[in-house]
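Both complexes shown next keep chain A, but they swap its partner, so chain B is in the first and chain C is in the second.
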Partner chain A sequence: MLRPKGTARRNRYDNSAYFYLLPALLLLAVFIVYPIMNTLITSFKGEYRFLTGDFEGYSWQNYVEIIKDPIFRRAILNTLFIAFVCIPASMAIALFLSLILNSIQKWQGFFMTLFYLPQVTNVIAAGIVFAFMFNTNFGVINMILGWFGIDPVAWISGQGIASSPKLYHQAYARSLFIVFVYTVWQGISLKIILFLSGLQNINKQYYQAAKVDGTSTWRMIRKITLPLLSPTTLYVFITSVITAFKAYAQVVALFGNQYGPAGDDSKMMITIVGYMMDSMGDYLSPGSISKASSAAMILVVMVMIVTAVQIKISKKWVHYN
Partner chain B sequence: MQVRLEQLTKAFESRKKDSVIAVNKLDLTIESGKLIGLLGPSGCGKSTTLFMVAGIHDVTDGKIYFDDRDVTELSADKRGIGLVFQNYALYPHLSVWDNIAFPLLNSKDMKKRLKKQFAEQHSNSPNYKAYINKLVEDAAKLVEITAYLDRKPGELSGGQQQRVAIARAIVKSPSILLMDEPLSNLDARLRIQTRDEIKRIQQQTGITTIMVTHDQEEALAISDEVIVLKDGLLQQQGAPQDVYDNPANQFVAEFISRSQINMVHGKIATNKLYLGQEEWFPLPAPLMDQEVTIGLRYENIKHAMENIERSFTASVTAKARIGGISTVQVRLADGQQITLLNDHDESLRESERLNLVVKPQSILVFNQKGEKILQC
Partner chain C sequence: MKPQSMSNLFRYFLLSLSAAIILVPFYWMINTSLKTNAEILRIPPTLFPSEFRFQNFADAIVKAPILTYLLNTVVVALSVVAISTVVSVLAAFAFARLNFRGKQILFIVILGTMMVPQEMLIITNFMTIADLGWMNTWQALIAPYCINAFNIYLLRQTFKQVPDELYLASKVDGVSNFRFLRKIMLPLSKSTIVTVMILSVIWIWDTYAWPSLVTTKDSMRLVSNGLQNAFTNDSGRIQYEIQMAASTLVILPLVFLFLMLKKYIISGMVKGGIKG
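So, the complex of A and B:
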């Protein structure tokens, strides 16, 4: 009997493990795996009718159609804008605030509560408040600008944009700006919590050692804090990418179901998820559910590409202990 | 460099009413070039004292002098000290080389000093970079870790990490080296090896070194001088053997002996010392009648052939053998147990009566407050 020690035990362990995992695996299969597979299959169905289930063969037709659709292209562009501006901005702000929070003792709990408030606020309600803050006549933003002698800005206005490309671009830029501000504000709370817990996990003795060696605060942050925080940073980044690519609620909260300021009929601020929602809302027309599915698959692929690239690059800058 | 503490006090603010006094009016002088063991049980304030000398903890009251310079208000980096942490605090994301070079590359003052040094003695190194590399390699050579310069701390054993930590502390040639429990994270064999290393490195560099430890054996083995603390108060300072032979009080006697000492209840009555209830011998000098505790180290109690002066009798109750050391437990007439080394007689039988004597100058008599009132 020269069987390596533990072989028999390991087999027994494996079998019982599956048994214990069964409830979780079942839930996963029903609510995650099946819907994903179904979405994938649906996205290839031609002329798919949701109510009857009829369809005409499988093809790339749905993908070709939505990629040709200017509104979908706009949705991709807007989503990428939100991701590429709001992720770095909110991460930088959250990191900066966490570093400050971590270095103060007094009022830390108070400020943590304050920064966490966006997380417990309803997205739609907060969006309506934001929209009001940017109101041309009564908004607090224009009031503050007024103190500096700046004339009121029509932040959310689609007046005359249909006839003037210049006005259209101006309205688009302003709308984007508001979405950025709102998204960053909404996103920093969770990032601060994550960064702060990461910072508090760094052994204080590293700083004491660096202090004895006369290292300046800025150098300590650069040489010790940031490298040791990098696993947290990667985690925050990946979850931020996923959240940003799913941008939808903030646009609806700020602009309503038209995805644009009053007077705009081009769905100026639509996002990928917004496009999916619109297609699904139109479920009676043949093919619309399939188009929503194709849009969903494109979104998944985009998130996967960005995440894969990031994980690849991260090997260079993330230090695991 | 000489280190002098004057009435050094540290109080930690506590959430409850009273603040905790960790170090209490400590007066100490540590001579230049010595290796000092700062010794005491946990919570005695030894690490706090070290961190105050390092400049990491603020001083509540009192002064710290390096030679004649008052450094009490000076920040840690301006004191010219090297510090080795209990858990090494090596930067896990940096290689061994980068860890050792860290103090040289990240301080403006240090850079200025090194550039000046380089300008003055550029004979050996072709450029500044090579000069830095030479300093790092010299430190690595001293602690014998040159083979691991490219590795990360996580890839090293505990003992190797400890060496890197020492190299990082000495690379900037500090005038004082401070070590906080440097051996406590090592296993027993490595601990002995590393403590001898520390002794060698200290002697080679001649840096005034303060090593905090709770392990009396460690302190006795390598220190030029030990300082015993308890509850933030200085108990005794002196050469290891002197502190061992002539403990200042009951606490030091027990702590230094690491439980290899019997604390026997006795009394003084009409200038005679009583061991338990039995009269033992007349005092060399008169003392007040009182209850006392008599400290008798295991190794100082010997068999006596016959009933000679200052001998006492006891009966064997048990024998024990741990490795090469065998001990005997004996019972006094009043039932108190005493343990002694059984160095020669293997044939002792239970309840056999023994005549025992204690080596001269090793009977330690303490009063009820634990103060030593007699040693004879």
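So, the complex of A and C:
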């Protein structure tokens, strides 16, 4: 592979390679490989105390406990909402905008730049801005609704939800909507860039041939563009879903450290990573590292299963040349 | 839904409308950051500040040490960029050019770590940092970010495109591997290296969970961690105009960086970059 066949040095190993690799391997071992193994092991330790390292045997106890925890179930539900409602919606919007962008001649770069801006922000700063946009009295959302004669909505409010399941569900629906809007906004830039580059890689000759045959645009999109774009679509879907499973900071930015609107004490909007961080506690008040580890392992396994299923299903709809 | 059959004008209208919606948060942030406290409380809110109050930015800097956070973030970002680029370039060179025992398996391990959600590593890394006594130190903020499998992969792909002939010719001339890397590989791969560096900056700017774990002191916090809950007044009301001014201070530097280096960032994203 490296040298032309038949040269004398073909099979010689270059030991200097290890010097080049040393820093990377060292960091990899300490900060990636060891943590993966340690998290796996820790997730099975019972009554683990991280300061002393004491624990009482290995068991599934931590897993059983968190799966029984209603807050963890809520975390899974919220995470699945982000992965399988927000992501497909933002992909559809991004694909639609990319198709239009790809069909115009002038100003393409200009619009690309604008569409890219959400990507180069900061998850917390932008989340705080969104929370303020949804403010009942001073927010832009209610102001715009007001133009259409709609009364102000108390978007981020948990008033009375502790005693009324109906109010709770309404507050939950509003919170999901806010997360939806923020997640779509946040993720759209990268998807547009990837879709557009996928579209530009499609050989123009297909379209020319179809045009000669008098094929309609809609048919061309369905029969040529979407099939040829499908590897890009799969890539975007898989990477976005993985990112969605790690959702955490955006929820903290929108709802604060209690993962819910003011007045909510059920951690309404918590995610899996949020649950992990909560279980872990912090340096000054450490929580259960082993519980956090089992939450992390469940996350990893879910990501692996979902990715494998996506790849499996993709064989039916992805076309490779 | 038929772009080709839509009139051109309608296409531009749709794009402009979408762009406008995407820009609303930026507009609302800057608009609010320039209002006076009295104007903030007006219902319905005003679309344009009746007078500009730039003092909000000064207030934000005084109220929460935003400048410290920004400076810390810049220090961490630059350190990570410097160290991780050197580490990645060296490793990528070995994978792209050198022949050594265990090459295949090591490369697969590195690719494999790209599949692991970074978030699961936090737990053990936090214990490692605490054990080392590195809480509230620069090392803690920098070290875990210095290894980036994606960067190694991207650089290796780029290095592989440098023709074998160049390497063989330089070997004949007795040029050392390191000299070859420095004098030939690096200049030829400049654009990928710049891309890798910028992606690291964007990554650090956006990072939240890790720095919030390993820092407990204000003086060591990064931008994401310092923003929350820092802008309530004595009666517990959030001072939105100052909060928005602070958010503006955090977001604008990255937007400017992007506008200056657009070309590299977009090419990096296309090559398969995804944040986090």
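Convention: the second predicted complex is superposed on the first by the 285 of 321 C-alpha atoms of A that agree within 3 Å, B and C clash if a C-alpha of one lies under 4 Å from a C-alpha of the other, contacts with A are read in each partner's own complex, and residues count from 1 in each chain.
Please note the rule applied: contacts are C-beta pairs under 8 Å (C-beta built on N, C-alpha and C of every residue); 3 or more make two chains touch, one makes a residue touch a chain.
Note that the structure is a prediction, hence the values are computed from the model and not measured.
Asks: Quick check on the superposition: with chain A as the shared anchor, is it clash or fit for chain B versus chain C?
Replies: Superposition result for chain B and chain C: fit.
Asks: If you count the residues of chain A that each partner touches, which comes out higher, chain B or chain C?
Replies: C
Asks: A:T113 contacts which: chain B (first), chain C (second), both, neither?
Replies: second
Asks: Per the contact definition in the header, classify A:V306: touching chain B only (first), chain C only (second), both, or neither.
Replies: In the superposed model, A:V306 contacts neither chain B nor chain C.
Asks: Is A:I66 contacted by the first partner chain B, the second partner chain C, both or neither?
Replies: Touch partners of A:I66: none, neither chain B nor chain C.
Asks: Figure out whether A:P23 sits in contact with chain B (first) or chain C (second), or with both, or with neither.
Replies: So A:P23 only meets chain C here.
Asks: Taking the superposition on A as described, I'd like to know which of chain B and chain C A:V179 touches: first, second, both or neither.
Replies: In the superposition, A:V179 contacts neither chain B nor chain C.
Asks: Name the contact category of A:L228: first (chain B only), second (chain C only), both, or neither.
Replies: first
Asks: So, does A:I161 touch the first partner chain B, the second partner chain C, both, or neither?
Replies: In the superposed model, A:I161 contacts neither chain B nor chain C.
Asks: After the superposition on chain A, what angle is formed at the C-alpha centre of chain A by the C-alpha centres of chain B and chain C, rounded to the nearest 10 degrees?
Replies: An angle of 80 degrees, rounded.
Asks: Considering only the touch criterion stated at the top, classify A:M277 as touching first (chain B), second (chain C), both, or neither.
Replies: second
Asks: In whole Å, what is the nearest CA distance you get between chain B and chain C after the fit?
Replies: Between chain B and chain C, the shortest C-alpha distance works out to 14 Å.
Asks: Residues of chain A that sit at the chain B interface in one complex and at the chain C interface in the other, please.
Replies: 216
Asks: For chain A, which residues are in contact with chain B within the complex?
Replies: Touching chain B: residues 203, 205-206, 208-216, 219, 223-224, 227-228, 319, 321 of chain A.
Asks: For chain C, which residues are in contact with chain A within the complex?
Replies: 1-6, 8, 11-12, 14-15, 18-19, 22-26, 28-29, 32, 40-45, 86-88, 90-91, 93-94, 97-101, 103, 106, 109-110, 113, 115-128, 130, 135, 143-144, 146-147, 149, 152, 164, 168, 177, 202, 205-206, 208-209, 213-214, 216, 223-225, 227-229, 240, 243-244, 246-247, 250-251, 254-255, 257-259, 262, 265-266, 269-270, 272, 274-276
Asks: For the complex, give me every residue of chain A touching chain C.
Replies: It is residues 2-4, 12-18, 20-21, 23-25, 27-28, 30-36, 38-39, 42, 50, 96-97, 99-104, 107, 111-126, 128-130, 132-133, 135, 137-140, 142-143, 146, 185, 188, 190, 193-194, 197, 216-218, 220-221, 235, 239-240, 242-243, 245-246, 248-249, 252-253, 256-257, 273, 276-277, 280, 282-284, 289, 292-293, 296-297, 299-300, 303-304, 307 of chain A that touch chain C.
Asks: If you look only at chain B, which of its residues touch chain A in the complex?
Replies: 54-56, 75-78, 81-83, 85, 87, 89, 91-93, 102-103, 106-110, 154, 168, 172
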